[in-house]
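Structure, as structure tokens:
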Amino acid sequence: MIDKRVESVEAALADIEDGASVMISGFGGAGTPANLMRGLDATGAKDLTVIVNSLRFLEGQAPGLFADKRVKQAVCTAARGRGKTPSDYELQWQAGELDIDMCPQGTFAERIRAGGAGIPAFFTPTAAGVELGEGKEVRMFDGRPSVLETALRADFSFMRGAEADRFGNVRFRGSQANFGMAMAPASDVAIVEVQAFSDTPLRPEDIDLPGVYVERIVLVPDVGEILG
Amino acid sequence: MIDKRVESVEAALADIEDGASVMISGFGGAGTPANLMRGLDATGAKDLTVIVNSLRFLEGQAPGLFADKRVKQAVCTAARGRGKTPSDYELQWQAGELDIDMCPQGTFAERIRAGGAGIPAFFTPTAAGVELGEGKEVRMFDGRPSVLETALRADFSFMRGAEADRFGNVRFRGSQANFGMAMAPASDVAIVEVQAFSDTPLRPEDIDLPGVYVERIVLVPDVGEILG
Amino acid sequence: MVEPLSRNQIAWRAAQDLEEGMVVNLGIGMPVLASSYAPEGREVIYQSENGIVGVGPEAAEGNADPDLVDAGSRNVTLAPGGTVIDSAGAFAMIRGGHIDVTLLGGFEVAANGDLANWDAQVPNKGQLVGGAMDLAFGAKAVRIMMQHTTKTGAPRLLNACTLPLTAPGCVTRVYTDLAVVDVLDGGFVVREILSGMSQDELQAKTEAPLTFASDCKALDAPAGL
Amino acid sequence: MVEPLSRNQIAWRAAQDLEEGMVVNLGIGMPVLASSYAPEGREVIYQSENGIVGVGPEAAEGNADPDLVDAGSRNVTLAPGGTVIDSAGAFAMIRGGHIDVTLLGGFEVAANGDLANWDAQVPNKGQLVGGAMDLAFGAKAVRIMMQHTTKTGAPRLLNACTLPLTAPGCVTRVYTDLAVVDVLDGGFVVREILSGMSQDELQAKTEAPLTFASDCKALDAPAGL
């Protein structure tokens, strides 16, 4: 019988090794897999590539990733610390210890979506003709310049949902879906922390993320305080 | 007050003129906007470009489109008639009177999705290195060849749903969504025939196609017999 | 001279231009204030790039749902007929031209419509682009809300932007504390000017040359906002 | 010699190789029959390219829902845990490598794994590609179910395909009425052969050279299917 539940955050993350790439969902606290982020911190894995909207939220839950310089590359849309004093990641970025691929948020989401959809690359008008798009291939379509962007994939992805069943089907509530819907298909191992587990299969119309895209479900009712 | 209802199929199609491009959803009868297809036939509009999965289903509901040679171009994944005798569109294709852009169904769906998502072009492995992909630009990504495909857009799109509200929000049931979810965003005027109209806004979790993508809703409880 | 407009008054003024049925994305900061000021009875659909289609009012105190936030991380509600999609879908909506108007903050706007609103090049601080660039490239109309000058009095309406661009030639209208200015054929056209302010005074606070519309009106907003 | 396998028996044989938890897309025609024959208690998730993730059995007579069909236009049900997405999403799933196995019909398979199964070049008839090409390019394993020879006795397992290709080098296994044949390192390896049929007899019905696995077994299927 298919059953994608794992017993704990630790078990869910047991095979994350040095050099792994990890996509992490969440926006403004909603859909933020805070327990998995804390768990990632606890693994001690280093030389990581993280693909996450905002580094501030990642540092909030997993400060050790940056304090111990365990992230070598970040693909994100926001790499600004909260305070006036530079954060660890801002210092590492300035020192050339952390490579940051700064993406417009729509391009970020679409690159991930492409990674899960078997689209190796696509053209988008966003960032064509401005500094952030410099160095990218430009092509005209219908008289408008677009830049070529490539797909993003990762070894793992983390997200948080409201409810899941043994098939790995996930229901999101509110605005929890955000980047997770695209990240799960774009990763080899999608891990979802959920608030509740349903012993019966979710109703077809309640399923947002099909279990086909999900490898592991871990029940963590409380998301805890989200710092960011 | 926003209210996207129109009173009849005729009213919904009143501004379709010669030379228009029309996307039409439906797969195996589900989500097939049979009334709108019949209505399109009745408009008499010609020099049409149709973007539809299967020409057989289009001819089934709107035989006059082909009998009177009113389609100049078809983008589709299936252009085979039912019987052994060639259909009107097979004859017109052979005679060079009807241009057919034969797409793998995934490429067809993705080209439409791209059209609605502001992606002018994308690379896909499908059809690279085979006859159907000949003439397309090929590029290697991670050692695998992909072909460049361009977005599809249309003046109008037709689809059928289970229920809609005044905002144009649509709920699909069963497998009605199929191509319609991508077609509505990819067309200037998306027209949805629905089985039922809800006087109150649809519940957030019941909305499959947001009204932002829908211009017109027409209530036609009975889809009628679908020929194909 | 009448006082320059407050942030809320600028938001009020911008909101008056939102029309029935429009799909509107409001940027973080001053723009999001506009949702409170759309004229009574006018149905505007607010989209938020984290996936909300139909943002309603902020959640009442004590009634906040931590799982429902907008792109500014505000605890919001859904408007009637609203729903939630995912981020990739929300940006497909933005990039695909389905947003009628976006109201965004700005650092600089050039006379050709160039916008700089994402990278102020603060020393020692990392970058943050977020959704601004997709909105500036994708929305049908890009309208900017900002103070007419910087805190030190330097103009923000320029001949050419000095900061990295968000998008070239995208801005159609700018709402400031002093004026409503359109970008038209590569130049700034003043549609409204603060009551009691002279054209010369406004020009003195503006780097690029201003043209004043023949029907240039007084910029007014309700007091006490 | 034992009778060649019936269509249902070929489907039965193919179904035995479907493993617990696999995501499987079944092509129209003979392949779709396989869903009836997966071993009892083995949970296989059937995907259909019109959007169904978790296709259940065909709807019982009189209980058909015209709004729920699979890619073969059959009135189906949803399996427990099943749901429905749209076509673009279903093909994202296929193209993105989320289908473990696709079982497809075939016209010709070449020794290098090339597949021709979409365009039989029937005179006077239009083309129909459907989802076959996306499946052949996208699925992790492409397994073909077909008669070993054409109606006129011509071989279908060839040195090189003569018909337009669906995808190059994609086929990993072929189930026919006479044998189970793997594509391995550019050649055909027979894993199972019809009981009582000699290797020479099978080779005589096959254009490309066959290698017989050292543990080549008898091809068997339950009678009466």
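Residue numbering begins at 1 within each chain, and the chains themselves are lettered A, B, C and D in the order written.
Following the convention adopted for this analysis, a contact is a pair of C-beta atoms (placed from the backbone, for glycine too) under 8 Å apart; a residue touches a chain by one contact, two chains touch by 3 or more.
The structure presented is a predicted model; accordingly, all values stated were derived computationally and were not measured.
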For chain B and chain D, chains touching each: A
CA centroid of chain B to CA centroid of chain C, Å: 36
Separation of mean Cα positions, chain D and chain C [Å, integer]: 56
Distance from the mean Cα position of chain C to that of chain A, given in whole angstrom: 29
Numbers and ranges of chain A residues touching at least 2 other chains: 110, 113, 117-119, 124-125, 205
Shared interface positions of chain C, touching two or more other chains: 84-85, 91-92, 94-95, 138
Pairwise touch network: line, ring, star, complete, or other: other
Chains touching one another, given as label pairs in label order: A-B, A-C, A-D, B-C, B-D
Footprint of chain A on chain D - complex, ascending: 20-21, 23, 43, 45, 47, 53-54, 78, 80-85, 91-98, 138
Chain D residues within the chain B interface of the complex: 49-52, 65-73, 84-92, 94-95, 124-134, 137-138, 164-168
Touching residues on chain B, where the partner in the complex is chain C: 1-2, 113, 115-119, 165-167, 169, 185-186, 201-202, 204-205, 207, 210-213
Contact set on chain B toward chain A in their complex: 110, 114, 117-125, 139, 141-142, 144, 146, 150, 205-206
Complex interface listing, chain A residues touching chain C: 27-31, 55, 77-81, 86-87, 89-90, 93-94, 100, 102-107, 109-110, 112-113, 124-132, 162, 173-182, 223
